[in-house]
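Heads up, there are several structures right after this.
Presented sequentially are two complexes of chain A, the first with chain B as partner and the second with chain C.
Presenting the complex of A and B:
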């Protein structure tokens, strides 16, 4: 039971990767990539969790109170921001691809390029 | 490579990766049992050193402020990429006067929500070091409050409110302000991004030194970025409908 969050992160990573590999639509592919990215949030937060710890915001709780790791929380914040912007960029590329080729299917794109 | 070959290849590789991940995870401390020295040190020292109640804000904008600088520029670069890709390819500006009429109750509720959500966003940016929140979270809320105008009314009202050069400016200025605050630390004789204003009394809005300023810089940049992304994709949508 104590390894369940790590297993979840691994599962999200693999299932997202499966989606990326077998995708037949670029938008679907980008969403699958978002699933892969979310596995990293789960992993980071799971590593920083301390049993019985509260949030590391010392508003009304004394120093020395058991709190979860603030470093991984800040890293997750960075992670989320970077994922969102990279997803936006990928979606913009998908829009352009569709405009130029009329398709979003990666396989068809390969055929078109010849 | 056919679909089937690709799937089979993935299943083989994926099984290997799953095995390696399982092996790696089994070497980690059990869930809830990790005691990272770095995190514990920060939890103990952050109040005394940064005067910020939120250790997360202290890590983001103080201890690891330099990382956040990098993150700001990743954000800027991606948003620039989106703007360049979509703006270059759009043949002409969309006619903003067209747009679907929204249902009256939606319009009313939406427009009531706009100022509330906007204020909430500003609150989250301002109080990042006192409560959960900060520039990134607040910036998203603030930016999307304005996107609510589009949801509630139509693109014309939204376009009248969001001048794209302004969103561009907010995005760039936010990133620039972050660097400027960093340089401020140098000018005051300290290190880059070192806090150069008094830390103030713990728990007050004026506390925490430059964490508040950096939080605002990030908030302005993120709000600008959100508006820019929303505007670009919305215009793209309208340009397609016209065709």
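Presenting the complex of A and C:
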């Protein structure tokens, strides 16, 4: 099993977090959040990968055929659905912020402090 | 009884779907009636489940996919007494919030009701899920709906709070998910009990420790534990009062509940040898949170923001109870969170009434505006005293459940509750009695809050007070009912006996029921409850009558307030620091 997918997942997680922390634009920030989330897709799929395994569709293949793990694929799919919802909501909030305050810079939103 | 289990999630979800689909066609009061009816029905069902789960868990397998030979392919709801009680708290607060909002908003669409109901379904599902991935899904559903509810309004304030909430909680949830993935990679299981069994007889290796750290940090983000707490005050301060009552009353408690569930069911076997080290880390986090929450509450002038920090402080106390890793302290923590949640909900609704009638939710600007609202003032003051640890049934369990070496805990927790309750009483004295100076620079400039415009006068139906009063009475009842301690401790003893719990869920073998007699209330805890109540009153009087907070000596608070900057990037940076800290400590101590 190669370590590459796990290293990639770790890299995506960290680089996405760096983007979120340093972002000066809400749209950019939301996209960075999507990068963090994509690290979870890579990680989950890498966990379920089996060398030489086929797609986990069990209709019409002989019993005992090696397949990749279908559970993590289901988890990834759910994860994608979840992320679409939360990212859509965040983008909607970003659009509203721009409409009302005329800025997308999180540093200029200082309503809440202390 | 088992057949009722899925209904507590299905009823609010179905009612929400009906409201969204047909709500616009219904005449005005019927959406309210449908929503309140669904939430009330869920409350009653949760009560029934709590009764059914008093001796043994109610385990429900979706579609009848029961585990075979200890392997769970199916997904379950595992209802124990604590989960049923916390789910019931969520349902009760949702009901109270819906009743309150009936008269609170000038105009309220069906979407608000539908969102509250979906939020309720997510909270209940989160509390009773026995499957780690389903816990994640409910966590995300809860966050998404809560963010939408936070932003429910039309001012710029809520948007910033909602944004910080969504981003920080989103990253917390990804940490949980990565942890779940790593655990699945090691055990091939998603069911908590099966994970526990697979990990039990192995030395915890790096992967397990990292997974545990990620999952715990993710849930602590939801629970608002320092340094993961920054989003919480922003979100609470801007959410409309009826929504905020649910947030302050139960949402954060759920994060702590998940920590205890994941530890005892999933990791207690693997990490059991390192209990002392884990206890030290969790109790330290909880104590710092309790104190910092108290100090920050004391420095607030916005009432909802103040209650947010009081919540943070109380959740620190709750984490101490869970982190002590004994059955007795866990039971105490459950009681503290339950009665505290009810009382915080009541206090917040009382504040909501003040905001609704006078248009002011700020301590300094609202000096004396509450004179005309004596009942709200009474609810507020009683609630503040209860949060100081009176009556002390939960704290007593928590204190006596501490292992040796933690004798200093009552002192720290008492100091924290003096600060938190003192802050509430000070604000109450200003708003409801008109005491104290009109300005206090240490409390900072005024927050532009969503629901404030010029002070106004509005007639409000007295029905708005009923939910707050009911919550307060129930909060008192939970604390003074002598059986509560025994039940909480017995339920906690069943949770902490993880091998028997796993047999109950996976093999369907009913555990022998455990009856714990906690034997009355500890004298030290009664004393510390009285001390914190007296201290809180004294502190409030001192800052109202003698000096302003800014005149108190030795107070270097500028830095502390500056750290809560309101910028989402800073908050995420703190989250990463906390993750590195907790992960690093676990990596060094738990291997």
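The criterion applied here is as follows: the second predicted complex is superposed on the first by the 107 of 114 C-alpha atoms of A that agree within 3 Å, B and C clash if a C-alpha of one lies under 4 Å from a C-alpha of the other, contacts with A are read in each partner's own complex, and residues count from 1 in each chain.
What we mean here is this: a residue touches a chain if its C-beta (ideal position, glycine included) is under 8 Å from a C-beta of that chain, and two chains touch if they have at least 3 such contacts.
Just so it is clear, the structure is predicted and the values come from calculations on it, not from any experiment.
Engineer: Of the two partner chains, chain B (first) and chain C (second), which one does A:21 touch, if any: first, second, both, or neither?
Structural biologist: A:21 contacts both chain B and chain C.
Engineer: Going by the contact rule set out at the top, does A:37 touch chain B (first), chain C (second), both, or neither?
Structural biologist: second
Engineer: For A:93 in the superposed arrangement: first (chain B), second (chain C), both or neither?
Structural biologist: A:93 sits against chain B and chain C alike.
Engineer: With the two structures laid over each other on chain A, which partner does A:72 touch: chain B (first), chain C (second), both, or neither?
Structural biologist: Touch status of A:72: both partners.
Engineer: Which partner does A:3 reach: the first (chain B), the second (chain C), both, or neither?
Structural biologist: Once the two structures are laid over each other on A, A:3 reaches chain B alone.
Engineer: I'd like to know which partner A:85 touches here: chain B for first, chain C for second, both or neither.
Structural biologist: both
Engineer: Thinking of the overlay built on chain A, is A:56 touched by chain B (first), by chain C (second), by both, or by neither?
Structural biologist: first
Engineer: Output the chain A positions appearing in both contact lists, the one against chain B and the one against chain C.
Structural biologist: 13, 17, 21-22, 47, 71-72, 78, 82, 85-86, 89, 93, 96, 107.
Engineer: Would you mind writing out the residues of chain B in touch with chain A in their complex?
Structural biologist: Per the touch definition, chain B meets chain A at residues 3, 6-7, 10, 14, 17-18, 21-22, 25-26, 28, 30-36, 38-40, 42-44, 46-47, 53-56, 58-60, 64, 67-68, 71, 74-75, 78-79, 81-82, 85-86, 89, 130-132, 134, 136-137, 203, 222, 225, 229, 232-233, 236.
Engineer: Mind pulling up the chain C residues that touch chain A in the complex?
Structural biologist: 133, 137, 140-141, 143-144, 147-148, 151, 156-157, 159-164, 166-167, 170-171, 174, 177-178, 180-182, 184-185, 190, 233-234, 237-238, 299-300, 444, 447-448, 561-562, 564-570, 572-573, 576
Engineer: Which positions of chain A touch chain B when the two form their complex?
Structural biologist: 2-7, 10, 13-14, 17-18, 21-22, 46-52, 55-59, 63-64, 67-74, 77-78, 80-82, 85-86, 88-89, 91-93, 95-96, 99, 107
Engineer: Per the contact definition, I'd like the list of chain A residues that touch chain C in the complex.
Structural biologist: 9, 13, 17, 20-23, 26, 29, 33, 36-37, 39-40, 43-44, 47, 71-72, 75, 78-79, 82, 85-86, 89-90, 93-94, 96-97, 100-101, 106-107, 109-114
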